[in-house]
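Paired with subunit B in one complex and with subunit C in the other, subunit A is shared by the two complexes that follow.
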Partner chain A sequence: MTRSRTLIEVKAASYSYKNTKVLSDVNLTVNEGQFAAVIGPNGSGKSTLSKLLNALLIPSEGSVIVDGHSTADSSFVYEIRKTVGLVLQNPDNQIIGDTVEDDVAFSLENMGLLPSWMDQIITDVLSRTGLSDLRFRNPRELSGGQKQLLAIASVLAMKPKCIVLDEALSMLDKDGRCTVLSLLHRLNKTSGLSVILITQDVQDALEADVIFSLEGGKVTQFSALDFPSPFVADLVSELRKRNLSIPSEVVSDDSLIRYLTCGGKCGA
Partner chain B sequence: MISFKNVSFCYPSYGQEPKKALADVSFTIPDGTFVGIAGNMGSGKTTLCSLMSGLLKPTSGQIERTGSVSFAMQFPENQLFEGTVIKDVMFGPLNRGLSEKEARMISEKCLASLGLGESFFDRNPLRLSGGEKRRVALAGILSMDADTIILDEPCAGLDPKWRDRLYGILQDLNRKGKTVIIVSHNTDDIARYCRTMLYLKSSELADIGNVGDVICRHEELENSSMAFARRLSEAGMEIDYKKAVTTEDLASLIADRQSSL
Partner chain C sequence: MLRDVTLGRFYDNDSFLCRLDPRTKLLGLIIAIIGIFLCSSIVSCSFTLACVIALMYLSEVPLRHIFRGMRPFFILLAVVAAMNIFLVPDGVFRSVLICLRVIEVVLVSNLLCLSTRPRSVASGVQTSLGWMKRFKVPVNDIATIVSVALTFVPLLADEAKRIRDAQISRGADFSKGSLFRRAKASLAIIVPVFVSAIQRSEDLAVAMDCRLYGCTEPTKLHPLSYSYEDAAAYICIFTYLCIVILMKVGRL
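On to the complex of A and B.
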């Protein structure tokens, strides 16, 4: 369910690294309980945008407002980072604990939680992300995908209002991706968690309420319905090479199966 | 050629029960093969690559290797260290004993093949975007001109255009006789580009062989085209969905079926 209260508002924001402008006049809004995806080629400014959302970077021009507070106001940095949890692409950049449970506990300790509460939260979040068996292992002994799961678990444990995942599923296997995506969609539906999924996988983006496409530092907003499934687009192109005519309105798995199994006699 | 004979590997464990990261693995990869390595998280893929490249020594068993090997680790951009892009890529060829001129020529060529032209040469590699850093690091691996190239999830974080471009470059190198070994969770990509598939499961070698055969033997490896073909077959189209290993295979199966109606 999409709620209407604005949680994050990026207003005419630009960002430059020295003389290189990476984001230019970007406007976007993410509401409480909204599932948003951000797609775009390498170098389009996706990671820069993610860092603007939790005040790791401050826009050179324009503003980013999180839950009513401007990220440029340093007195709200702690509040903003509690509201927006960021998972980076490379988990080695944010894992610091000597054991998996220590790593999850780190942020909770900083929030001043009692050890008994922390234990409950850690047990819950490790179980939800499928890491319970690795609880006492050293994170450095984990595989790349397991480390990505741990980074996600540590951020979820803080119960942020919004989680931003900067290509943080890129090394998960099919089961791991499925576990994380179902968990995110479930938390989004049941607890109103806002999700901003930065991804190279358009298939994952198609599950979002709204898709922001970044290119050349500019952002364009789409609905998932505007995007054909990349797999279907590939298959349709291959079928056309083999002289099969497929109507242009066939853009999803379901409509293509329907079209092909009724011998092209029924509509898409 | 890389050959493993009953190879096992345990990471050092401090006071804990040692856990085998790889258990009794035997296989041979002949020269000129294009191999895709698949397996769940923690199944031993990275350990296998480190052993193949010689970065780790087996706890038991024997490894035979002929020719030179270059290895792109996970997040190879972490290996960037020089002040400029061109110097970073030239580091490997210079260490192989090439002259400054030769090293620069091969480095420029490798960078260009990954879309990084002259305007990037003098930039600080650490100040580039994630995808650009990745491409600089991969250019550094390619510039080594090794007989075998091992890449551990090189496409994580690359956009689809550069993923296809990288696979294209690897296919070209493979056609020229290089052995290419790539780890990927994406069985669509493995089916499309690789000829041999090596499948690890719980630290053991579950299967190795022709990509289509390996995918068909293990339900959990089902990729997008096979899953779509299975749904088509369940919806009434008479096709052998196990033959739909790639999108091209699937399109041909559908076209044959439609023309026979």
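On to the complex of A and C.
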């Protein structure tokens, strides 16, 4: 696996809706097999950036190069969307099929594949996302986390090289977040899939290879090591080094205080 | 009333009606409705009613479930019946007949929705209208619109209920006052639901674009295929049509 090849390259890209500039002079590169996180507050242009990456929007200045093709070149649009899959925030709004397998099949049907081939891909993708048992269920009956896993499965069916998650964890509960995050890390490690995790939560970003911070339409790059991690995270990891087993739910000041004052008995 | 929307609420069981090909069911629905509106006598109406009851039996959907979608229609029916009774000579008989026909039509359409997945309805429409592609009619898009609309109706109905509860908790009252006042109050539900529907549709459009909608001529995971059960159903539909026409001609 070559980890060095550049997959996505954003070169001096700007984007404005009418008169308001949302992104200005953004530069970033994501390599094949890299786990990147983009963090930024509301209205910092995160969603716009995610749409630039798979040719849903074309930058007004600068360019976005995906796997060697510029997104401005309309003859490669489907090629680019196959390479970079996008998962949105609200799982309910991206479910199209009325069974789990039907939803995964949507992109395959659009690609014009043969039914037998589709069946094979669906089986494979569902087993990789751990949804095999739910294959014939109605997606509306699934939990939030499962719905988001389904959205990821549907994107994976296209065999992308990169998956972009636009705040896809923000509507999930703790368990859902954990499942989705660990799946993403697993896919990243085992299949060499690049992941771009767009989030508001610094915690989700800490395990990434590279972190981009987006603020006021500008991007700053950090490596995961020199990212200013929150005090709690440092403290917890130091305490763990001193053989204190602190559960993974302890992520905020409050939960750490509660955990420590209860002497570890009542959990987080 | 919002809870009662059956549109798009597929009832998943393995009944005869559920197994039929969507094309058969769509044609059956059209023929059934034509038949029901051709009837103008007690005898022929009883015949169509018997057919509807037979369909309800074949669908194996609990009666409670079928009739849940009927509640909003009773108001309409009451108005129609009242107008007929007071304004038309021989009104009682006519209004009973009209109500019966409307109930039958609603029941049959409900049965189609309950026994068919929205996506199957779409592929039924898509395949049946396939010949229109030659005239540049966007059949695939029409079918997608139908299926997306059907899947999103229950979602929006749930949302409307949530917004209604939220407005009530803030002191809104939808059950008191004159009709005009109530209509005005319901704006507090309609506007937010409308806004959220637009946001949802935007999201869905993005999701569909990401998943290569319109990339090439789409294929189907489960291509439609007729079984011997469909042949039986077609015979029944044809027989039904013949009987209704004969009754009409024979003024029965």
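By our rule, the second predicted complex is superposed on the first by the 215 of 268 C-alpha atoms of A that agree within 3 Å, B and C clash if a C-alpha of one lies under 4 Å from a C-alpha of the other, contacts with A are read in each partner's own complex, and residues count from 1 in each chain.
Note that a contact is a pair of C-beta atoms (placed from the backbone, for glycine too) under 8 Å apart; a residue touches a chain by one contact, two chains touch by 3 or more.
None of these values were measured; they are calculated from a predicted model.
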Contacts of A:N54 with subunit B and subunit C, given as first, second, both or neither: second
First (subunit B), second (subunit C), both or neither touched by A:V155: second
Touching partner for A:D67 - first (subunit B), second (subunit C), both, neither: neither
Which of subunit B and subunit C A:N90 touches, first, second, both or neither: both
First, second, both or neither for A:D119, with subunit B first and subunit C second: second
Partner chain in contact with A:D98 - subunit B first, subunit C second, else both or neither: second
Which superposed partner A:G145 touches (first subunit B, second subunit C, both, neither): first
First (subunit B), second (subunit C), both or neither touched by A:E9: neither
Those residues of subunit A which subunit B touches in one complex and subunit C touches in the other: 90, 92
Interface residues, subunit B side, partner subunit A - complex: 11, 39-43, 45-46, 74-75, 78, 127-132, 134-135, 152-153, 156-163, 185, 188, 220, 224-225, 228, 231-232, 235-237, 247-248, 250-252, 254-255, 258, 261
Residue ranges of subunit A in contact with subunit B within the complex: 17-18, 22, 40-45, 47, 89-90, 92, 141-146, 149, 167, 170-176, 200, 202, 230-231, 234-235, 238-239, 241-244, 253, 257-258, 260-261, 263
Contact footprint of subunit A on subunit C as seen in their complex: 10, 12, 117-119, 148, 151, 154-155, 200, 203-204, 206-223
In the complex with subunit C, residue positions of subunit A that touch it: 51, 54, 56, 78, 81-82, 85-86, 88, 90, 92-99, 101-102, 105-115, 118-119, 122, 138, 140, 151, 154-155, 158
